[in-house]
Structures are given as C-alpha cells and as structure tokens.
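Dropping the structures in below, format is structure tokens.
One chain, chain A, links the two complexes that follow: it is found with chain B in the first and with chain C in the second.
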Partner chain A sequence: MILKIALKELKEIVREGRFRITAITLFALLLAALFVSKSYYTSVNAQHSEAKKNARSEWVEQGQKNPHSAAHYGTYAFKPKYPLSLIDNGVDKYTGVSIYLEAHKRNEAQYAAAQDQTALSRFGDLTPDFVLIFIVPLFIILIGFNAFTRERESGTLRLLKSQGVSTWKLTMGKWLGLFLPVLLIAIPVYVLAALFLANIKDYGQFSLWALTLLFGVYLIYYAVFINITLFVSSLFKKSNVAFVTLLGIWMVSCLAMPKISTAIADKLYPYPTQVEFEEQIAVDKKKGLDGHNPWNTEAKKLEEETLKKYGVDSVQQLPFNWDGFLMQEGEKHTADIYFKHYQLLKDTYVNQTNVYRSTAALSPFLPTRFLSMAICRTDYTSHWDFANAAENYRIELVGKMNGDMAANSKYGDWDYLADDKLWSSVPDFQYEPASYTTVIRQNTSNLITLLAWLLLSFAALYGAVTKMKTI
Partner chain B sequence: MLEAKQLSKTYQGKEALKPTSFTVNKGDIFCLLGANGAGKTTTINLFLNFIQPSGGQALIGGKDVVKEPIETKKLLTYIPENLMLYPNLTGLENLEYFSGLASKKYPKEEFLKFLTEAGLQAEAHDKRISTYSKGMRQKVGIALALAKDAQVLLLDEPTSGLDPKASNEFSELLTKLSKKGVATLMATHDLFRAKETGTHIGMMREGSLVEQLTTDQINHTDLEKLYLKHMN
Partner chain C sequence: MLNHAIKYEWLNLLRDRWVMILLILFLGITVFAVRNGKEKVEDRMATITKEKEKMVKLDRKMAADIDSLNKNLKPAPEAWKDPRALDNIGWNAPRVVAMDAQPLAVISTGQSDLFTHYAKPKIYGEAYTLGFSELSNPVQLLFGSFDLAFVCIYLLPLLVLGFSYNVLSSEKESGVLRLTLAQPISLYQWLFGKLLLRFFILTSIVVASILFSLTIFDIDWLGNRGAATKLILLVTVYIFFWFLISFLINLLGNSSGSNAVTLIAVWVVFVLLIPSIISQTANSFYPVPSRTIMIHEYREAKALAEKKADEILKTYYREHPEYAPKDTTQQNQYSWWLGNFAASDVINQSVQPVLDDYNEALNKQQSWVNRLRFLSPAILLQDGLNDLAGTSPAHYTDFRDQVIAFADTWRHYFIPRMFNNEKMQAEDFGSLPTHSYSSAQVPSHYPADLMGLLFFLTLTVAGSVWVYRRNSFENVLSV
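Right after this comes the complex of A and B.
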C-alpha cells in the first residue's frame, strides 16, 4: 500500500508543471556542473603531472653544485588533485596547489585557483556539490511543501481518512513519493560521475566505494530534508504558510548557520594574521641557532660542545665538514620552530573544527558539508596532511644535502661539488593521503550528528502525523 | 448497522450536538433534515471519527468508531457535499487509488464496470478529474462505494448544487444500493428527495433530534408543514 501511495504521489507530482520545470532545470544544472568540473579537473591534472615531471627533472639535472646550494635551489611538492574533487571541490580553490621546498624555510602552498579568477568568481561556482548540497534540498521543499496541506485544502484528506488508511502508512507513501524523484536525479549523476572518474587516466586514488559513501551521505541528508518538509506540511493548514516556513528553515540551515558558526569559531579561536605569524617565527629564529652565522652565540656554544665531544681543539680537525654539520643543526632548529608554530595554527584549526562540530547539531547542512569535503579529500584536514608530508620531505631533503656536504668535504671547502648521482638518490616526493578508515574516524562526530538528525526528524514526523487532525 | 447512543459533541462550551440516539438498519436511508448549524454535519463527522464525541457512542456494525477507527471505516463510504478527488488523475485512477487505500484490488475492467454502474459515461473514465462536473465527481463517489462493497454510506448534502436530472440519477443510485442492503445516513436540505428516496427522516434543530418518522407515514405537504413548524 505504501508503494501504491508513493506511485500515486509520483504520478501527481510528475503531471504537475512545477515538477517538470524544476526537475529539468536541476538535472541540467547538475550535468553542466559535472561537465565543467570534469574539464577543469582534466586540465588541472594534466598541468599537474607536467609540472611534477618538470620539477623532478630540474632537480635531477641541476648540474654540479655544492649540496647546500642545491638545498637552496630546492624543488616543488605538488598536491595531488583527487578524483572526487570533481564532485566537491571543498577548500581546494583557496589552499594552493604546490609548495616550494627550500633550505631554512617552510613555505606556504601557492597558486590557489582563487588567485587566478576574476571578480566574477565571488558569485560562486557552478560545481556539483553546490547543486547537490544547496539546491537539491530546495527542490525537495518545492515538490513536497504541500504534501499534506494540499490534501487538506482540497478536501481529499477527509476522503483519504474515510477509506481507513493509517496516517503513518500515508506518510510513508508520501515520503517515498518524494524520495523517488530525488533518487531519479541522484542516480544518473552518481553513474555519470563513476563513469567520468573511471575513464580519467591516472585517476590514482579513486575508489567506487568512496563515491558510494559520498552519495550515501547525500541521501541521508536528503532524507532529513524530506522528513522536515513533511513534518512542516503536516503541521500547517495552508500551503503558502508551509512553503514560507520551509524556505526559512532552508535559509537558516544552509545559508545562515554556516556563516554564523564560522563567525563563532573565528571569534573564539582567531587565526593569527600572516604578518603576525611570520613575525613570531622570525623572533624565535633570531633567538636560536643560525646555520649560516658561525659567530652567533648559539653556534659558538655548539662549536665548543662538539670540539669537546671529539676531543679536538679546532673545527678543522673534526672528521666531517663543520659548515655542513652546523647548517644541518641550524636546519633542525628552524624546523622545530616551524613545527611549533604550525602546531599552534593546527591547534586553532582543531578548536575551530570542534566549534563547527557542536554547531552541526543546529543544521543538517554542516555535518553533510564536512563529510562531503572529507570524503572528497578537499577539506583543510587533507590539506594539512599534505603540507606536513611536504615539510617532512623538505627536512629529509635538506638533511641529506647537508649530510653529504659534512661527510664528503673539508671545512671551508666551498668548492666541493656533488652531481646528479646525489640528486637522483633523493627519492621523488610521494604522498599517500590518509586512508578512508582514518578519514571516517576523524569524522565520526559528523556522521553521528547526521544520523541523529535523521532519527530525530523521523521521530518528529511520526509524532506530528499521528497527532494530525483530519478537520 | 449504524447506531448513535446518547451521542453528543460540545465545542468550547457550546453544544453542537445534544445527547442523541437513533438507529439506521440495513437497507434504510435515514435523512437528516434541518437548518445549517443544526448538527447534521457534526453527527456525520462523529461517525467518521474525524472529531471526538464529548459523550455517548457512535457504532458502525456494532463497533465503536473511536476504539476501532480503521475497522469501522472498512465498512463505510463517505461522500461529502463536494467530493474532492485528485484533479491531475483520471476518474479511473482516482477510483483505483482510493479503493487501494481500502485494500480493495480488482482488474481494470471491474473498476470500469463500477464507474459505468455508477452512471459515469465511458468517455469520461480516462479523463482527468479537473474536467469533471460536480455530478460526475459524485458518481465516482458511488463507484467508490460499489468497489468497496460498502455496507454504510455517510452522505453530507450530496445532491446540493446538482441539477434536477443529476440529482435524480444520484437518488436512483441510492435506492439501488439500499436494495442491496446498504444502510445510508444522509444530511440534506431537499425535502422532496428525502420523501422520495428516504425510508426514515430525522429533523434536527440546535443540536437535538426533534422528530423521527418513516416516510410512508407522511405526504409531501404534511412533511413540509412539520418541518417548518420545527424550524420556527
């Protein structure tokens, strides 16, 4: 009987002009978004692998030079573009795509897509996630706001009830009647996305499982909106009141709440500005060891300790090149400073994330958005993970250069040259993103919040319809 | 088949229906007459369990409608003054859907037979309800009763606003159903139809049933006199 009710709802919805127009528009939007991001993805990916190859050959073929100079010459770490960013681009647009790795300095990721775009991009991009997370709920509201009020206004509710149908069965039928058109739109998008992704060359970390998980999250989110829509529709006598109420709910949960929780998070745990951040690092650096300045107090202290340890009285007598050793010690010191300050940034980030998690209880949009970005690996956590990996690689690379210089040259011998043998002995930067198990563990609270939304909205719907009066 | 036992309904201190008792047996057509606000619709809504009684009981087939809302509805078909169906569905689709809600399944031909039996012309069966006249919609209501094999009909001014021919057709259908043993409770303003079609008449005024009689006891003129006497 539930299926019969659902089919009748579907028939009615489909025969109405309102549905046809919105469904076609929505579908066209999704297709356009998917194609736009596919072509963007393909071109970025091509540039990315090209740049990666170039960076490596530039490093390997840099010619003969002093290893420490090579460390200054540096190389680049490129952030992989993940296949699922096709669906949800997350914060990728703002985070930059490559990090310049050099001696003494931890650099920020550069060349964010947002820097290249015109002012027009401020009006938002047409991406699948925009349609899937913002627009589809609106579509649900548009086709479902009068699910009960229409029956009440036209008088069919009395006839329905006089036929002896239980209100819950009727509600489940209507629920399915809203869910099926949503599926009708979501499934082709899912299949198309899977086909696109499977056909992209070097798609790397793409797994159908992750795409399925992503759509599972979206479907739960839609179910929550269907519950809310039916709940409101059963509560009011008039369709227009139900519609305005639902629009209000949509605006608060999808537009206002994200802004409000960002504002709260920024207020409670503000990030330092770029200038402040760099200043703090500069202050700490000055206090410590300077690898390029042997007369620096810290350097003098290290010199005395080292001479004592090896039982010699000048740096020339050391079994290794003192300059290389000193520079590596300086490197370790600066790396520690960077680590400390980035850790502080990360703490702020974690605190902000916790604020978002607690405000997620107020809007189903928030947990969905975070889960979506996390599964697509386009959230800040993924970016952090990449930046940390790049930093570790930098420390290793510079360490190897300084180590080679210390081991193979004499103190004061700045003419020592290494060649491609050394350069190519440094492995290429390989980055493995966190496993999905880790991603899910990091997002357990978002998952729980979303499921709580699902259960509570179902319970509210059940309570409302069983108490609903016929007249 | 239908029984009101000291049935009453009070809205915010105002008595819409004072304790009232009557019985409608199989094959009876019980016509409730009375001015607007006399309590006719309240009585029907109580039998439908759309509103809760303040006192007494409404029984259908011996079962209390409050305690067994789903069971008692399986026995009845309700046709209000203006039977509202889904405008975007055809007559046949509406009939199929509403019968399905009452767990009645038939092949398509059977449904078409019910529509024809209810007097709906064949070319209208597959047209959308939005193109139907009121009389045609009321006929779908009768087809609904046929498909449901209803033993009780609850009618709330079903012929008001129908032209005399449509009204006559509707009354004939009621007589046909009553011969099959259907018990009918009908609120109406039409004294003529009540006398012609009805078997019993109850007159209501300000929430009480002031007169009960059978139609063979009285002629048209006396019925009108009696009605006016009660209303003044």
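Right after this comes the complex of A and C.
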C-alpha cells in the first residue's frame, strides 16, 4: 500500500513541469559544480606540490650559513588539500594556505583566498555543498509543500479516508514519494563523485567510506526536511500558506540562523584582534627570557646555574657554545608563551563552537554544515590541527639548528657555518590529518543533534497526521 | 473609478493584520542588523583610538627621556634602547596608519571582517610582509554577518514577494476579479495601482525602519544626508524591481501557488545562483596565481640580492651620491641600518616584477567580476551598499596602498637624517610625518550600480509590456 502511494506520488511529481524543470536545473548545477570543483582541486593540488618541492629545495640549497641564521631564514609549511574538499570546501577559502616557520616566532597561516577575491565571493561559490545543503532542501519544499494541502483542496483526502487508508500509511507513501526523487538526484552525484575521486592521481587520503558517510549525513538532513515539509503541509488548509511557511522555515534555518548564531558567538566570546593578540604575546616575551638578549635577568640566572653545574667560571669555558644553548632555551620559553596564548585563543574558539552547537537545536542546517566540513576535512578544527603540527615542526627545526650551533662552535664564534648536510638532515614537513575516528568523536554532538532532528521531526509528523482533519 | 478601487484596497490593507506583523517583523530585523553593524564599527574605532593614544603616550615618554638624557639627569642606556637614536624611533615608535570608519559603515560589513583597520609600518621591512589579515574564526566569515546589507539583499525581496505574489490570482480565485472588472476600469491600471500601493506601504515601512534604527544607534544620517539619500534611493529601486517582477508574473495569469513557486525561482536565480556562478567562473577563467608560488619567487629573488649585499651598498652610493658619508673618518652610528636600507631597496626592486605579475592577475579577475555584476540586481545592491559603507574591496586595496606609501614617507624621514648621523631631539616629535585617512580617491561604484538597477527596472517593464501584448484578456480572466 505504502509503495503504491509512493509510486502514485512519484508519477504525479514527475509529470508536473515544475518538477522536471527544477530537477534538471538542479542536476545540471550539481554536475557543473562537481566539474568546476574538480578542476579547481587539481590545479590547487598541483600548486601545492610544486610549492612544497620549492620550499624544500630552498631550505636544502640555502648554502653555507650559521645555523641560527638558517633558522631565521626558515621555511614554509603548506596546507594540503584533501580530495573530499571538492564536495565541500568548508572554511578553506577563509583560512591561510601557508605558514612561515622561523626562529622566535609562531606565525599565523597567511594568504586566505577570500582576501584576494572580490566581495562577490561572499555570496558563496557554486560548489557541490552549496547545491547539496542549500538548494536541495528548497527543492524538497517545492515538490512537497502541497502533498496534503492539494488532497485537501480538491477533496480527495476525504475520499482516501473513506477508502480506509490509514493516515500513517498515506503519510509514509507520500514520504517515500518525496524521498525517491531526492535519491534519484543524490545517487548519480554520489557515484560521479566517487569516480572523480578515485581517478585523482594522488588520492591517498580519499576513502569511499568517508564519501558514503558524507552522503549518509546529507540523506538524514533531507529526511528531516521531508518530515518538516509534510508536517507543515498536513497542518494547513491552503497550499499557499503551507508554501510561505515552509519558505520561512528554510530561510530561518539555512540563511538567518547561521548569521544569528555568529552574532551571538561573537558577542559572548569575541576574538582578540590580530594586534591585541600579538601584543599580549609581546608582553609575555618581554617579561620572560629572550634568546637574543643575554642581559635579561632570567638569562643571567640561567647562566649562573649553568656555570655552577659545569663547575666553570665563564661561559667561554663551557664544553658547548653558550650562545646556541641560550638561544635554544629562549626558543623553548617563547614556544611556551605561544602555546599559552594559542591555548587561550583555542578556548575562545571552543566556546564559539559550543554556541553553534546549541543553536543547532533551532536549525538542522547547522549540524549538517559542521558535519559535512568535518568529514571533508575543511573545517576549522582541521585547520587548527595542521597549524599545531606546523608549530611542532618549527620547534623541532629551530631546536636542531641551535643544537648544532651549541655543539659545533665556540662561544662568540658567529662565523661558524654549517652546510647542506645539516639542512638535509632535517626531515621534510609531513602532515597526517586526524583519523576519522577522531573526527567523529569531535562531532558527536553534531551527529546527535542531527539524529534528534530526525526523530523529533518524525514524531511531530506522526502526531500531526494522526490528528489531521480531512477538510 | 480607479481611485475608488485603490482607496478600498488601501482600507483593506489597513485592516489586514499582515501589514502590522510585517511592520513589527521588519523593524525588529532592521534594529538587530544595525546593532550588529554598530558593534563591529565601535570595536574597530575603539581599537584605533586606543592605538593612537598609546602612540601619543609613548611619544611623550620618549621626548621626556631625551630631555633628561640631554640634561644628563639620567645615565645613558645601551645603544639599542637609547631614544636619541633615530633607528629606535623609526622602529619602536611607529605611527598608527588607520582606516577610519565611514559614517554609514554600519550598513554593510563587506570585507571589513577580513582585514585589520590599521597598520604600524616601521623603518625597515618590505611592503609585502605587512600583514593585513584579521584574526577571526573562519566559520564566522563563512556564515557572514547579519547586517543591513543582508536584510536588504536577501530578505527584502522575499518580503516583497510574500506581499504581492497573489495580488491578481487571489482576486481571481475568490471570484472578486470578475466583479471588479464589471466596473469601468482597466485591468492593468488596476493591477498596477494595487501593486504601487503595496510598494508605497512596504517602502515606507522599510525606509522608516532603517532611519529609525540608524537614529537609535546614534548614526548621524542627518549630518550625512547625501549618503543616506543614496542608501534610501538604492534600496527603493531594488524594492521596486522586485514589485515589477511580481507584476510581470501576476500578468501571466497563473494560480497563486504557481506564482509563488515562479517568484521564488526568480529569487533563487538572482540572489543565490547568478552570484555564485559568476564567482566560480571568475576563479576558473581568471584564476588568481598561487600565492604559494609567489612566495617562492620572492624568496629566490631576495636570497640572490642578499648574497650581493656588499656590492649593493657601493652601487647604492654611486646612485645616491648625496647619501655617501662625507666625513669618512667618523663612524656613522647607523651604518648597519644604512646597509640594510640599501639592500632592501635592491631586494624590493628585484622582486617588484613578481608582485606586479601577481597584482595584474588579481586586477584581471576583479575587473571581470566588476563587469559581470550587472547580471544580477543582488550583486549590484551589495556593491552599492559596500561602496556607501566604505567596506568594498577597492577601499581595502586603497588603504593598503596608503599604508605602503606612508611606510615610504616614514623611512624617508629618517634616511637622510641617519646618513647625517643626526640624533632625535624632543621637539622633533612634533615634526614626524603623520597620516590621515581619506577614501576620496577610491572610484565610486555607486552611480554605475544605480544605473544597473534602473536598467533591470526597464527590462522588467519591457517584459511586462510584452506579456501584456501577447496575453489575451480572456486568458488572464480564465480560472
């Protein structure tokens, strides 16, 4: 019975010109988005591997230098792009792509694409996620807003009832009738995406499992919108009213809520400005130990302690280059200062994230958006993870340079030069993203919220149709 | 007769609770949006003021220190801390080059959430390394802010459509249309009159809400009447465009439901699809060259120049004989800095082509996008509002240029004095170069944006005339 109703609904929807036009447009948009994203991804990836190679050769071939000067010269860490980013580019446009790694300083990732683009890019780009998360729900509303109101307006709902069809079966039929066309669009996109991704040369990071999970999340999201659409359609007498109401719901959850949540998050837990942040770090640096400044009290203390430890009375007599040692101690100290301030920043970001997680109760769009970015590794957490890995690499690199200087040169000997042997002994920066288990664990709350939306909207639909009047 | 019909329409609307709900809803949304904008602008201005105050305080302290050092009231500090050394002033007491908010900055966040609004260029450092990015949660940038621009671009058309999608169809569906048309009245005049009335009501609500919100948040729109009028004009034309679209769709004579669906489709196309498609084509047709590749080229050019630093200084003196040390017996206390300046000049010259290539590619992409903005009224409105708010990309590029120019001024204040081995005096603080921000040289997009919107109006009117000619009267009347 349910299947019969579903097939009847499907036939009716497909026969309508409205459906055909929108479905074809939607499909064309998705294809275009997929192709454009793919070419963008390929070119960005090519740039990335070239830049990576360049950075390495610059570092290894920098010529003879004092190791500490080499640490100042530094190198770059480039953020890799992951295959699934061609489905959802997430916040990648707004986060920098490269981090300059140098002595004494932790730098922010630079060159966010959005800074080089026009204001137009703030409307959003035609990427698959734009169509999948924004437009598909609108499509569901468009084909489903009159599912019940139409029957009521033409009086067929009463006829159906008199035939003894249970309202729940009728609802399930209509539900499937909406879900099948969505599936019809989603499945080819899924298959195409899988083919694209499998054909990308270096798809080391791609797993079919993640793509499936991603589409699973989208399907749950669509189910929520189908529930809401049928729920609203069962409440109202007139199709027009149902349509306008549904449109309002779409607007609030997909357009307004993300912005309203942002305003709340920003008000409650504001980020420091770049300069404020740097100044707080500078204040700590001033108070603490500075590798370049041996007159500093703390450095003096360290000097006394070290001299006592080695039983000598001047730094010249130490078995290593005091300058190199002192700079490394200073480096450790600065790294601690950066760690402290970045931890504070991270707290703010976690607080902001929690605001979004609580407002997700008002909009099914929010948990879907966050899950989608997380699975595609284009969320803010992934960016943090990369930035932390780059910082660890920086500490290691600078430590190796200072260590070499301390071990192989004498105090005051700034003419000591190291060469390629030392440079190439530093391993290249390699970054492994967090495992999917970690990603899922970080997003449990989003997953729960989305599932709660699914269950509650089902319950609401059930409640509404069982009490539904036929007129 | 027409007047009569419109009068009753007016009375009808007055009694409609929807008008009241609309008024309250829109007023609430506008107040919230302007509040968000106001908060951002206040933060921005507070930071700038704080920085400037800090600068003045530091100047005063340094001047006082110089004074007591000159009078031998204080022991001379180490050279790197001595406020009389010009390099210390140039490095440690930079000026604050700030981008003050325009009077109507609250209306549109534009690009203001991506960039900092002040910089402190020092005597040494390449323009390219000046950071302008603001620290922010990229999720916030992705979602965007709930500002007046968002309300006008996205929500306002939906309000218009909700207010007008069934002006003709509902009359037809309730059977009143036949009664009305039994009167000596032209269908089109009557329909147009009905829509015009709604347009006036909605526009009054919108304008009143905007002005009310600006007033309660202390934004001096009366003092900036020119900009405020431009804002109102732009928004009004945009509203009118959407009413005309609704008029056109109503003329087709379809049912209310079908009208609603068609109008939403038009909204999706103009507000969501066209902007995102253009943005995407800009990235595909005119890809911005990779910054990552640029970094590499820049570093290579720099490394090459640094290797030749000694030769460079000699050539530099040959090119600038006025700077060559006159008294070679005396050691210049700034010689290390002077060598650095010379080297950095050469580095800047040798990397300039890399930067120029990059900027040219950027300009190409931006001019492509600028031309295509005429394809959607939503983009035109966004562009016009950013222009009025002073938050358009052009404003930020211009500010960056101003900072780079000022960095040069700052350096060139010190260079000749350093070559002369001069010292900083307390009274010199008054003569340090200062910067005052002006956006006067940013070419305004506003006139073109307004013309573009008017062009869309004309197009819709032409479309309506065409539909009117093609459609038979019976077709409209048939239910």
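To be clear about the criterion, the second predicted complex is superposed on the first by the 471 of 471 C-alpha atoms of A that agree within 3 Å, B and C clash if a C-alpha of one lies under 4 Å from a C-alpha of the other, contacts with A are read in each partner's own complex, and residues count from 1 in each chain.
Everything below uses one rule, namely that contacts are C-beta pairs under 8 Å (C-beta built on N, C-alpha and C of every residue); 3 or more make two chains touch, one makes a residue touch a chain.
A quick note: this is a predicted structure, and the numbers were derived from the prediction, not measured.
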Chain A residues touched - chain C or chain B, whichever exceeds: C
Chain B versus chain C as contact partner of A:215, first or second or both or neither: neither
Partner chain(s) touched by A:274 [first = chain B, second = chain C, both, neither]: second
Touched partner set for A:155, first chain B, second chain C, both or neither: first
Partner chain(s) touched by A:262 [first = chain B, second = chain C, both, neither]: second
Which of chain B and chain C A:196 touches, first, second, both or neither: neither
Which of chain B and chain C A:97 touches, first, second, both or neither: second
In the complex, chain A residues that touch chain B: 1, 4-5, 8, 11-12, 15-16, 154-156, 158-166, 469-471
Interfacial residue positions of chain B with respect to chain A in the complex: 45, 48, 50-51, 69-74, 76-78, 80, 82-89, 93, 97-98, 100-103, 148, 154
Residues of chain A that touch chain C when the two form their complex: 18, 22, 29, 33, 36, 39-40, 43-44, 47-48, 50-51, 54-55, 58, 62, 76, 78, 90-91, 93-98, 108, 110-127, 130, 134-135, 138, 142, 146, 239-240, 243-244, 247, 251, 255-256, 258-263, 265-267, 270-277, 295, 345, 349, 352-353, 356, 379-380, 383
Parts of chain C lying in touch with chain A, wherever the complex brings them together: 32, 36, 39, 43, 47, 51, 78, 110-111, 114-116, 118, 131-146, 150, 154-155, 158, 162, 166, 256-258, 260-261, 264-265, 268, 272-273, 275-280, 282-284, 287-288, 290-293, 295-296, 299-300, 303, 362, 365-366, 369-370, 373, 378-379, 382-383, 386, 392-393
